[in-house]
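Next up: the structures, one after another.
The two complexes that follow have subunit A in common; it is paired with subunit B in the first and with subunit C in the second.
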Partner chain A sequence: MIKAYLGVDVGSVSTNLVIMDENGQLLASSYLRTNGRPIQTVQEGIQALGRELAQEVNIMGCGTTGSARYLTSMIIGADVVKNEITAHAIAASHEIENVHTIIEIGGQDSKIIILRGGVVTDFAMNTVCAAGTGSFLDQQASRLCIPIEEFGGYAAKARNPVRIAGRCAVFAESDMIHKQQLGHNLEDIVAGLCEALVRNYMNNVGKGKEILAPVVFQGGVAANLGLVQAFNKYLGFEVLVPRHHGVMGAIGAAYLARDAVGKKGQTSFKGFDLEKIDFRTTSFECKGCSNACEVVQFFENKNLIARWGDRCGKWELQVG
Partner chain B sequence: MYRVGIPRSLAYFFYLPLWKTFITELGHEVIESPPTSRAILDRGVKEAVNDACIPIKLYHGHAAYLAERCDLLFCPRLVSVRKHGDFGSETFCPKFLGLPDMVRLALNPLPPLIDVRIDLKQPRTGLWDAACEVGQKLGHGQAEIKRALRLAQAAQQSFRNLCQRGVLVPDALEAVLNGKKVSPKATPGHDLTIAVVGYPYVIYDPYINAGLFKILQEEGVNIVTQDMLTDQILNWQARELPKTLFWYFSNRAVYGGLHFMKKGRVDGMIHVTAFACGPDSMVDRLLEIEVRRRSSMPYLAIAVDEHTGEAGVRTRVEAFLDMLRYQRKGK
Partner chain C sequence: MKISFPRMGYSYIAFKWLVENLGHECIVPPEPSNHTLDLGVRYAPEFACIPFKILLGTYIEVAQMGAQAVITSGGMGPCRAGYYWVMHKYLLEEMGLPMQIIAMEMPLLNLGDFWGKINRLRRSGGVSLKELARILKITWEKVKAIDDIEIRSHQVRPLEVKRGDTTRAINEGLAFIDAAQREHEIAEARQEALARLDRVPQDQSRNPLKIGIIGEIYVVLEPAANHYIQLLLGEMGVETDRSIYLSAYARKNTIVNLEGDLFAIARPYLNEAPIGGHGVNSIAETILYARHGFDGVVQLAPFSCIPEIVAKSIIPAVSRDFDIPVQTIFIDEQTGRAGVQTRLEAFVDLLQWRRSRRETVVEKRVLQG
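This part shows the complex of A and B:
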């Protein structure tokens, strides 16, 4: 049996799981669509990993990150629950020595993390605007009937990228339509869109940040060659895309789990056989005051194990 | 006896002890709106003009709540609280200047407003004139007004003193007005100190900032704000800038930020900014530039709007604190 650590990153669009050995070698990883069902996706993902590796590995610790990190921690029995900024930073600094800048673009958010001497010194996340993240690219690709996997290929073939307003996803779309009706070819429009998104990212999330090489580009969108090229062009040097760029958050969570268990001594991982456990959530609107908070109740086999979502703390509950 | 409503927003978080004491001492009942809730916010968004900032919308919500419950609504026109000759043309944000008019146009039914103009910059007017206007509206003579104003100023002073000894504004308000016991001591076991700067009505309203103070305290952080500094310390900072801003609360946030950058007794700084706030488009940028220029202090800007959930704020704050703690470990 190999001693291993499990990291789970449940975001708005994708759910990523990795199993890593003690030295940070990836034993298995999976990139699944969350499809709006985080509980089910995590359960299925864990079981699939179990079928693959349960005989060979001994899970010594597990960690969760991403926007559903608290929910997920309750499903798998996580040893550590961390925000995605810290998780991404940890993963990148293990992967690439002396990384100075991390560009991370996911399904619905994008962030920049600045590190100096292996320590995060500054970061920013997109605020109200999600223009230029994975879901917008997805949407544009399907509007143009290009499979998202080939999007980058189109951009690479562009000879003369058109200029598209990237400030806002809505304007970007109308600008794209305008350019296509003028007769520009698809390759130039796709490449123009990639450049617009990079400009928007740099002016919005990257505003005022000192971007020094080495720059790591990670997150699901890093698979898009068009964006990689647009970043290279904008920055004037090459960004590095790590091999496991899509699951870096989960890798970070696994590293954090390794550290956490080192201190804690024992894992609270529930095991791979999650199909035997019935996880369910119900919610209700609290009538206690005019805030009308939506309280979520989390059940494991009919036992209420946690409750959250209230502002005042009246309903807050966590068993174990 | 009148029931006078004071909305729990905007200047409430800075001048409540003065006006509440003044009105109470004249023998009237002060009714405060409850802490911001979703119902109040929704009401404000509905009543206020569409392009107003969140704090102004919120004020409308609080005023609307009180409109049905009081005889008079206290809604002063705050112009300036700087003495004549000080700080050039500094005033409150233009929205404060037009507040009574906005409320009057937006809300119906609405009780009569006490829309006293407060401009301490005019040499002949001042707090006494303002107090007289309010007092006379409530049917009192000069002797009573004088007495109530003296007590009111004392209450305001003890509130400011408590803040300057390190008590957070919400606790200091409770202490001065309701006799709650407070201690300015840092909580034992808290290992970080963070300066939170921003408008009082954004940083002390736990609904609109998604419980920022609670999150910080749960995470083991001591909080300091610009309101714990004396006016003198704040005003000194004006010399650090080639030009100051035009708006009172904006300048306080910037001066507070500058002080914390220099004195360095804090581990990091958070600026909380309200979505659609005009002045903040300058304040936030100015703080960001100055913090980079003058120090290596970690800085986080949090923008809040009516849809801000706790999750977004918590993620940023957690990451910020992780960063501070990892940095400390690395040293």
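This part shows the complex of A and C:
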């Protein structure tokens, strides 16, 4: 049996799972669509990894990250729960030595993380607009009837990228339609869109940040060749796309789990056989005071295993 | 007359006492809730900032509870908020909820206006001039006691062993202040409240990170407007201090008070005209927190708030020069709690890393030296 660590990153769009060995070598990874059903997706994902590897690995620790990190931690019995900024920073600094800047574009958020000497010194996330994130690209690709996987390839073939207003997703779309109606070819429009997104990212998320090489570009969107080229063009040097760019959050969670278990001694991992367990959340409004907190209860089969959401701590409950 | 006012943190306890003792009936404004915000968003112009919307929602709620008048702040044009009360009045009128709005100017800037309005409230309530002096004094004592208790709670919470103990203790303590009627009773209530907080079981071995909270006054003062940021950080084990306390200009023991000239502190970064609102304050306060050895600063800014946007673009230079990380959080009705939580968690990680690295450097020096 190989000693291994499990990392799970449940985001708005995708659910990523990795299993890595003690030295950070990836043994398995999967990239699933969350489809708005995080509980089910995590259960199925873990089960599938189990079918692949349960006979060969011994899970020593597991960690969760992403917007559903707390929920997921209760499903799998995580040893560590971390926000995605820290998780991405940890993964990138293990993957690329002395990384100074991380560009991460996910399904519904984009972030920049600045590191110096292996330590995060600054970060920013998109604030009020989702233009330039994966969901928007997805939407435009399907509107143009291009499979998202080929989207980047189109951009790479462009000769004269058109200029598209990238400030806002709605304006960008109407500007794209306008350029189409003027007869520009698809390649130039797709490339123009990639450049607009990079401009928007730099003016919004990257504003006021000192972007030094080496720059790592990660997140699902880093698979898009058009965006990689647009970043290279904007920055004037090449960004690095790590091999496992799509699952870096999960890798970070696995590293964090390794450290956490080192301190804690033993994992709380519930095992791969999760599919038979019925996980359910319910909620009620507390009538104790005028705050009227919405208290959320989480059940495993018939057992209440956690309760949260109250401001005063009256209902708080965490088993294990 | 039935009188209400905007809710800003715990200050309502003191203002309730003031209104009642001036001989009027007080309609205590409810803590801003999703319902308050929904009301505000529905009737406010879309591009008004979040304080405008929450206040409008509050006024609608208190109007429905029977309030005939609202006492609020005017402002000699610190930012557009100085004019908000006029807009609120028009909007309420349009909705068929006529409301008298008594907008107080800062007593320090326009004593005559402040005095005239207080005096009218006194006469309509049938209170003698001599009584008024006493009432104002006691209100002020309450404001100060409430702030003292709250300041202590933000120091205790990061050390609490059981989550929620501090919050329960402060609520009990504030009830004592609420019940106190005379000066010596307030002093006793204050002592008892502080003692309750000190009795909360604490883990003194923790060395909490310290974060200063700066930004626009309303979102700094009203927890419901800032996702209860001080509570959230406190429960994450962080000690917080905020730049604004209502009693701050009369005290010397807060880090930000009117003793020092904020303009003079901010001047190296902003030698032109003041930028309005609390923009200059935000720049100066970042410097003050850095000088007092804080680990980081969180700037709270209502979305579309010009003064805070200007401050935000200047702060990176301050942050670099004084080596203090600053995280800006924009707040509007679209801001999700999850996003705020994620950013704060990551910010706390960042500060923790910085601190442990600094400690290792010091340790090395000690070992080598």
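The definition used in the following text is that the second predicted complex is superposed on the first by the 305 of 320 C-alpha atoms of A that agree within 3 Å, B and C clash if a C-alpha of one lies under 4 Å from a C-alpha of the other, contacts with A are read in each partner's own complex, and residues count from 1 in each chain.
Simple rule for what comes next: a contact is a pair of C-beta atoms (placed from the backbone, for glycine too) under 8 Å apart; a residue touches a chain by one contact, two chains touch by 3 or more.
On a predicted model such as this, the values are computed, not experimentally measured, just so you know.
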item	value
Which superposed partner A:K314 touches (first subunit B, second subunit C, both, neither)	second
Subunit B versus subunit C as contact partner of A:R199, first or second or both or neither	neither
Contacts of A:F123 with subunit B and subunit C, given as first, second, both or neither	both
Touching partner for A:E84 - first (subunit B), second (subunit C), both, neither	both
Subunit B and subunit C footprints on subunit A, overlapping residues	67, 82-86, 117, 119-123, 125, 127-128, 208, 290-292, 311
Of subunit C, residues touching subunit A in the complex	30-31, 33, 162-165, 167-168, 228, 231, 303, 313, 316, 325, 330, 332, 334, 338-339, 342-343, 345-347, 349-350, 353-354, 357
Subunit A residues within the subunit C interface of the complex	67, 82-86, 109, 117, 119-123, 125, 127-128, 208, 290-292, 311-314, 316
Complex interface listing, subunit B residues touching subunit A	34, 37-40, 207, 211, 275, 288-289, 292, 296, 298-299, 303, 305, 310-311, 314-316, 318-320, 322-323, 326-327, 330
Residue ranges of subunit A in contact with subunit B within the complex	67, 82-86, 117-123, 125, 127-128, 208, 289-292, 311
